[in-house]
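The two complexes that follow have subunit A in common; it is paired with subunit B in the first and with subunit C in the second.
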Partner chain A sequence: MLTGITVNAACALVGCFLILRKMSMMGDALSHAVLPGLVVAFVLTGSRSMVPMFVGAVIAGLLTTFMTQTLHQYLRVPSDASMGIVFTAMFAVGVVLVKQFTEGLHFDIGCVYEGALEYVPFGERVAGLPRQLFTSLVVLLLNFAVLIMLWKELKLSAFDPALATTMGFSATKMHYLLMVLVSVTTVASFEAVGSILVVAMLIVPASTAHLLSDRLGWMVVLSVLIGAVAAVLGFWWATYWDTSISGMMTVAAGCLYAIAVLVSPRYGLISSVLRNIRMSLLVLRDDVLAMLYRIEELKSSKKFSIAETAAAVGGGWLASVSIFQLQRSGNIEQASGSLQLTDQGREAARRLVRSHRLWETYLVEQLGMPLDHVHEPAHRVEHYIDEQIQEQLAAELETSDQDPHGRQIPH
Partner chain B sequence: MISLSLSDKVMIGTALLGGMSGVVGSFAVLRGRALVGDMLAHAALPGVCLAFLITGNRHLLGLSLGALASGLAAIAAVTVILRWTRTKEDAAIGIVLSTFFGAGVVLLSVVQKPSTGGNKAGLHAYLFGEPGGMLNSDVLLLAGVAVVVLAMVALFYKEFLVVCFDTDFAQSQGWPTLWLDLAMMAALAVVTIVGLPIVGVILMAAMIILPAATARFWTNRLSVMLLVSCGFGAAAGVLGTRLGRGYPAGAAIVLTASFLFLVSLLFAPQKGLVARLLVEYRLRRRIADEHLLRTLYELSEPQLPESPVIPLESVREYRHWNSLERVLERARDEELIEWGEEQVQLTPLGVHRAAQLTKAHRLWELYLMDYANIAPDHVDRDADDVEHMLPEALLVKLEEELAAEGRLPAVLAEVPESPHELSPET
Partner chain C sequence: MSQTAFEVHDMTVAYHRRPVLWDIDLEIPEGKLVGIVGPNGAGKTTLIKAALGLVQLASGKVEIYGKSYEEQRHLIGYVPQRESVDWDFPVTVRDVVLMGTYGRLGWFRRPGKAELEIADRSLQHVGMGAFAKRQIRQLSGGQQQRVFLARALAQEAQIYFLDEPFAGVDAATESAIVELLEELRTSGKTVLVVHHDLQTVSDYFDYVILLNMRLIACGPVEETFTNENLQKTYGGRLTILDEAAEAIRRSKPLQ
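Up next, the complex of A and B:
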């Protein structure tokens, strides 16, 4: 489980920059493309020790990045297609190499896919720790160190590569550095968690954090936390149901993302639905007030019950809620079955109607719009015109006491 | 039922698959959806496992339906994420891909348990591909899918064409672009999923992208691209299984396809690397040639229309040359200059050609000074950049301006009067 946490944290750190640079699929690509590098390193050294594996992976990763860039920039292959071509070809080379050189040796392709977290505690040990844990810890520290040292540069090149380049540190170099980090992280995580989980941990926690935060610093911290939580949850679920740990961690991360989609305070579905409802209520309340004011103004004897009022402003349960809110806040009251404005409500309504009519006058007088076209825009804008704008409007208008329909503009 | 040997079956199957994925891949690559194939291939896994758990057997049809269902769910998930969240497309694809695949891995480990009585051999084919295990019915299924896909493309060719290249136009013409788009995606999904057990997850993604990207090097026309891409895909299938005996067949097929891609990248006419370098080399050579002529013209200018003998030294000092000797040789071969003994002289033909070039250069300088307000001491370099590309019609226009200023190069002779009476031929 510790290994899972460290791996996830390491991935989340670099993942943030991947998704900000819109290169998420590069994580997928690299995690597959390092395979030939690993195999070659393995064949050349005959061991599965850390250093040659890393070197092989970094070389393969850089090669992939370079070829993808070249195909895209100089040969005008669309960027996603060039990525797809390079990494699948590299992977195919890797598969063939595995078949060719490592037959009979312990090099399990299945493990590349699915990982084998289950076996971590039983493997060999380095410095008192299981090897995979040791490796991923080293990589975590490496990522962390690079991030701290080059924070400013990475940040700038993530958001504005052109500016970064003009300010003297090449965004391209940052790109390659990032790719090196991704390759190293991928390899470190490979054995423990498998390539697909690496992809998941690169992208999913970072995207989740992206939904929750607008600041890069918070985003990085959050993504690390989310990665860790996903690891713990995945581990529990997997032991509970006795299934693949790495698969469960991926699923856990996916669930966290889904939750963030729903409940993120600023970008979540629920919060945006709530925002919409609040907005609708505001507009409906204003409409009810303005309507009652106009009825008073016409000295009509017609009485409006709650249901009739609600129907007049468009109906629906939101309209009823808005009337209830107005009653509770003391803006309108119910007298003998019909709704009436209180003094407080009349004041608020007067401000609204003033906004509405000032805006109508402004549209006709200053913009020359025809009379029968100004009600709609004024109806939409009236909710946003505050005292200050009212004064500005009144100052600019020639006739600020009568609207173009001949009705009086209240003060 | 015709009895086929296994290798024949494999070859027909992979050829069919390559051809189909070439066709649907063309649309995917043109629509910028190359990686959707990758996503579909991964997202199929949970569907396959579920189908296996439910039906308890390994019929290709049942598993394919499961794969199709989860593939479509994945597409829907990506659409939802793109529509309602701030997550970008690449991240959305990555999230859905990895989450679905993770779920697939979980289900796979359930399948493997002895209590469910499964063995994962048949399912493992979905990860790594096992063309060797192809049955007659599988070939028939592939052929059936191929017929359906081809019929659909033939039927909706015009619509797909417009949606691929100008979605907004298609929409403004009142076509159901959403449905057409979905139809393309569905075709992609179906082909991906029938191909999975043959070449495996990663390599299926490659089969979608590679033939289409290869074909893109050969043509700019969609119809030709579809044919070429189909051909490349089929060829990769056949050659890959032929040459790749003893290696994992999926990898062999993809490597063959990559090889075809590489060859096209290098040698395709017009868009290939070699052709492009050649064009660039020719352009550089022409520019050097033209610079030589203009240099000689400007050095000779005080004594024109006599063509003076110019010491090579002053040509060398006049501007920077990369390989003056070779430029001189070429000019001599075209009889534009006389050259020898550290001296060089324009021939009459050379004077004529040089005058034209100098005219273009100065016309452009004038234009820059008058219309772009560039200082006279800055226009030389700017004119250098464009003079080689100026079209004839533009030159005529510029010439009219220049004539008004009395700065036409001296050698440009007026057209003499006709020596005979001009009359329309009867």
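Up next, the complex of A and C:
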């Protein structure tokens, strides 16, 4: 479980910058493309120890980055296609090499996909720690150190690469640096969570954190926490159902993301539904006020009950709620079964009708729209016109006391 | 005659072999407000990017106060087009402005108190002091532009390159920018601005670069911003240059 936490945390650290640079899939690409590097390093040194593996991975990673960039820049292959071409080719080379050179040796391809967190405690040990834990700790520390040292450079080149370059922090160099980190992280995580799940760990916690935070610092901290929580949850669930730990960790990360989508204050589904309801209620309240005002203006003797008013603005439970809100806020009152504006409500309604009619006049006078086409647009816009825009409109219009239908524009 | 702040020698820039700027030669004296004017696709942004080392030159050179760009980075302030960055990026207004000080800090050093003060002062300068702690997502177009200007101020440069600062901003921001440009000039800075609105050129600038793939004219507004030069800049498609460029791209002579 500790290995899971460190792996996820290390992934989350670099993952944040990947998604902010809109290069999430580069993580996918690299995690596959490092394979030939690993095999070559293995074949050359005959060992699976850390240093040759990292060197192999970094070289393969840089090569992939370089080839992707070259294809994209000089041969004008679209960047997604060039990524697809390079990483599949590299991965295929890796698979061929594995078959060719490592037959009979311990290099389990299944392990590459799924990882083998389950066996971590039983494997060999380095410095008293299981090997995978040791490697992932080293990588976590490395990522952490680079982030601390180059925080402002990474931030600037992710936000505004052009400015970064003009200041002498070459955005290309930062790109390669990030890719090196991603490669190294991928390798360290390989044995533990497997290549495909590395991608999830690079992207999902960071995206979740992006939904939930406004500051880069917070985003990074949160993503690490989310990665860790996913590791713990995944471990529990996997033990409970007796299934793949790394699979469960990814599922857990996915669940956390789903929760963030629901509750995120800005983009969250719940908050956007609430926002929509609030907006509809505002529009309905405005409509009720304006309608009552127009009835008064026509000196019509027609009386509207609550039900009739609600029906007139489109009906539904939201309409009833909006009328209730208006009553409670003292804008309308019920007298002998029919609704009437209070003084306060009349004032509010007058502002609305003024907005509506000024806008109609503006559309006809300045934009030359036909008379029978202006009510609907004005009806949509009236809710958003504040006093400042009203004054601007009034100042620009030639006739600001009568609307194009010949009705008076209230002041 | 005052010092030359910015000089371009015989510069050609090409994208994928196709030249977009041909043999540009120009000199801008210190302390001028310079409008870079020309139709779409004339290479205005490319001129700035070439000056800043963001695109490779096919030939020629650019000098800032007599030296190459690399040696003079610290003298340069840059305001890219507003749309060139992701305004959903998780940073505050103040963070963005603070980025202006990064260049002076160099590698590894972190911004400290002095830099924060510069950032806050720059923000106040553009009338955005109250927005320091806001997330940049919440800003309007005009406010975004002001934040970018504040960031450029925080660069404390001698020569500024602004790419379409007036694009899509409200009237209040536009006049605030103009005021700021004039202040910069008063304090002896040189400012080059990619500009679209021909109507305002003579009001805003005292120097103008007329560009349409090649340099049409460069000089003080009164002498250079003439109908004749404008005709040359905008009138008619420059079919010959276009065709030549296409031929170079295909590495085939014109048929």
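Odds and ends about this structure:
Quick note on the criterion: the second predicted complex is superposed on the first by the 356 of 411 C-alpha atoms of A that agree within 3 Å, B and C clash if a C-alpha of one lies under 4 Å from a C-alpha of the other, contacts with A are read in each partner's own complex, and residues count from 1 in each chain.
The definition used in the following text is that contacts are C-beta pairs under 8 Å (C-beta built on N, C-alpha and C of every residue); 3 or more make two chains touch, one makes a residue touch a chain.
Since the structure is predicted, the reported quantities are computational estimates derived from the model, not experimental observations.
Set against each other, subunit B and subunit C touch different numbers of residues in subunit A, with B touching more. Of the two partner chains placed around the shared chain by superposition, subunit B is the only one that A:Ser244 touches, whereas subunit C remains out of contact. In the superposition on chain A, A:Ala253 contacts subunit B only, with no contact to subunit C. Judged by the touch definition given at the top, the superposed model places A:Val229 against neither subunit B nor subunit C. When both complexes are overlaid on chain A, the residue A:Trp151 reaches subunit C alone and has no touch with subunit B. Applying the stated contact rule after C-alpha superposition, one finds that A:Ser213 touches subunit C and leaves subunit B untouched. The intersection of subunit A residues touching subunit B with those touching subunit C, taken from the two complexes, comprises 22, 76, 210.
Contact residues on subunit B toward subunit A in their complex (touch as defined above): 29, 32-35, 37-38, 42, 81, 84-88, 90-91, 93-95, 97-99, 101-106, 108-110, 113, 124, 127-128, 202-203, 205-206, 208-210, 212-213, 216, 247-248, 250-252, 254-255, 258, 261, 265, 271, 273. In the complex of the two chains, the subunit A residues touching subunit B come out as 19, 22-25, 27-28, 32, 71, 74-78, 80-85, 88-89, 91-93, 95-96, 99-100, 109-110, 113-114, 194, 196-197, 199-200, 202-204, 206-207, 210-211, 238, 241-244, 246-251, 253-254, 257, 261, 267, 269.
Subunit C makes touch with subunit A in their complex at residues 16, 49, 52-54, 70, 73, 76, 78, 80, 84-86, 89-92, 95-96, 99, 102-103, 105-108, 110-111, 135, 137, 151. In the complex of the two chains, the subunit A residues touching subunit C come out as 20, 22, 76, 149-153, 155-156, 158-160, 162-169, 210, 213-216, 218-219, 266.
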